[in-house]
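What follows is a single structure, and I will ask about it in a moment.
The chains carry the letters A, B and C, assigned in the order they are written, with residues numbered from 1 in each.
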């Protein structure tokens, strides 16, 4: 007999989680569309965001939320710094440029993870927040933990702002043009490099700040990056690389899957279930959306 | 041994809402050189890809040398004697010219010795034997074109489908390539050639097929084709001007 | 093409003496230098072999397998399970590692190799992570406790042997395996026509198909072979270190290391993994000795990957062969610098 109360609570948790996952997924998907690189470092941006939160919060009156603006700005700068390197690797006369871009981000991920692990050790750290405590109980529905709810709200708001930028401003349109057809975008006079920097910087900023919230919701740990990289892959594989609306749905599916698996099966198996799904989806319908040559037999 | 080496019947290929090949039926006689012309986007290269197995057809059939080969994977067709080249030439950059030739795989039980000798023969024929040990990466565009032809010839193909062999090639080399094609044709190889250069088409092709908007609209010898109003309208710019019997 | 001559061509006929000397050194290594250096040798030889195995599928065939380390772990656990859970001698574990890795890699290859570059990387990565998770959960692998393998003299072939199974034994075992791997790679990929087909499918898969090459079959063969090699080394490694745990033998860092070794040395070359393997292995050893840290080499590997991909994508061998010289690298750095200015 299914406990309705528990069930709805799981759904609520899943949806709230989905709210922040979507932010990560959309950024990741966009980075792929604009830079043509599968960014293996996405999870590490989350991790570093969480760690930044853990380290800076004590300096800022023990309030995690105050770290957010700092992360947004510094991660944007970080992304803008990294983007030219990725661009350099994926263009130019070298074998398999796009795959080399992937290897590059793989190396970047290793660097980030290894640095934090070496400097700070393997233990968990908290991102404390005195503002976001407790929960709001809505009778008949369930409890909405404040920190998770605010996280989800942030995630969705960030997404809305981001989407607005993409679809309603000239800058956003330029970025979409680049994602769709790089050559023609260049011919139309769009400064590819500049917009790629903006896109990647925005993606890093969003992902990093999502990390702060995730740090507040769960914890910060040097090894957590892998999990979120897996999450990002999960979302875009489900949605199809570069297809933004699908990512939103996929993010929600991810949150729900995690929530349900953790309760009904086992917390340990969440990753396994996700990997299995990634695997199966990739095999049944590998993205034809990529259009990297319809030649592939 | 049929005299129709290649035959397609209502061959269709769709990409979503776009019908790139709409029930294409044509047949190639053994020993002929068939030209294929048509505006960009008319489905010529798609046709090549569907026939040679790179695309799965959505309808219709392909018969090669009397046998149904619809949907066969490209390597099977290649081993059976159907060779093709691509619009954008790409030699195997990280190997030498000779290694490019030797990478070709047939399943006719040739010994390594025989294969090497054949590769030497072909390279001499195409006059690229002097660069046999050079890395393909450093070759000029013209040499790459010759290598591409050479590789296909390693299959000892009965039918060779060439996708714009003269594209971007200087007149001297173009003429050389055409001579090679004629010589191979005299020795029995059938050719199907996509080309945009009308001069080339006139001297090369025995018969020309015209594609437009996914359909095979007509076929005939070059002179008849170039006089055809529909063809002129669709492809040749509606012009009535001519030079040496070639529309300009 | 660069005008510079490669370094190796400048060595005259004395090369032969070089090789003989090197060979003699390798054969007498543990005898001359003792156990500590034998241990170094075991590690170095194993990693060279692992790097070479990755080079087969990643370098020669051009398919970036980001889950290759899983097979190392699979081989390790095959040996471990055979010896610990079933009490078989090591040779059975060794054989089991081969059989199991062939089976699993074939099952993975059929669906996964249909994917293109980036997706293949993700899928193999996901596969490896899933294997690790599964190993942590199931009982037969010892779960979260791992397995401890026996190492008495009768555990090799089931009959008591007159010598101890110590550092020297493993050194020669790894030496033989490494030499076998190198010879196999050399023969198959550099001398045999098979190698031409592999390189052809890497350079242009469609052109290769159109020239009679069954690319699907060739890809699978390379993948399965490369996985078996990794598993073989894994099985010997398991017996060597005696205690295996999923977080060690199925760790992501194993794949990371293989990738950087092959990349740094030179993808798709025979000697690349040797150079890269030695360098990275020594780097890791030195950093743990002098910096006292077992994790500090991680960010170093990360930086190495980034720098190599940025400035010298054809690796050290590429530099030695004259494919890239100092001027090219300088130009490379300049190009990169320009990109920053555009901001």
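One rule holds for everything that comes next: contacts are C-beta pairs under 8 Å (C-beta built on N, C-alpha and C of every residue); 3 or more make two chains touch, one makes a residue touch a chain.
Predicted model only: the values in this text are computed from it and were never measured.
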item	value
A-C compared against B-C, more contacting pairs	A-C
Distance-to-centre winner among chains (Cα means, whole assembly as reference)	C
Farthest-lying chain, centroid of Cα atoms versus that of subunit B	A
Distance between the centres, which are taken as Cα means, of subunit B and subunit A, whole angstrom	47
Distance from the mean Cα position of subunit C to that of subunit A, given in whole angstrom	31
Rounded Å distance, subunit B centre to subunit C centre (Cα mean)	43
For subunit C, residues that touch 2 or more chains besides their own	206, 209
Touching two or more other chains - residues of subunit B	53-54, 73-74, 93-94
Touching two or more other chains - residue numbers and ranges from subunit A	95, 295, 297
Complex contacts: residues of subunit B adjacent to subunit C	52-54, 73-75, 78-79, 83-86, 90-95, 99-100, 102-107, 112, 135, 137-138, 151-152, 154-155
Sites on subunit C touched by subunit B in the complex	1, 193, 196-197, 199-200, 202-204, 206-216, 268
Touch list for subunit C against partner subunit A, complex	62, 64, 66, 111-112, 114-119, 121-123, 125-127, 129-130, 133-134, 136-137, 205-206, 209, 252-253, 256, 259-260, 263, 267, 293, 295-306, 309-310, 313-314, 335-336, 339-340, 342-343
Complex interface listing, subunit A residues touching subunit C	38, 80, 84-85, 87-89, 92, 94-96, 98-100, 102-104, 106-115, 117-118, 191, 193-194, 197, 226, 230, 233, 237, 268-269, 271-272, 275-276, 278-279, 282-283, 286-287, 290, 292-293, 295-297
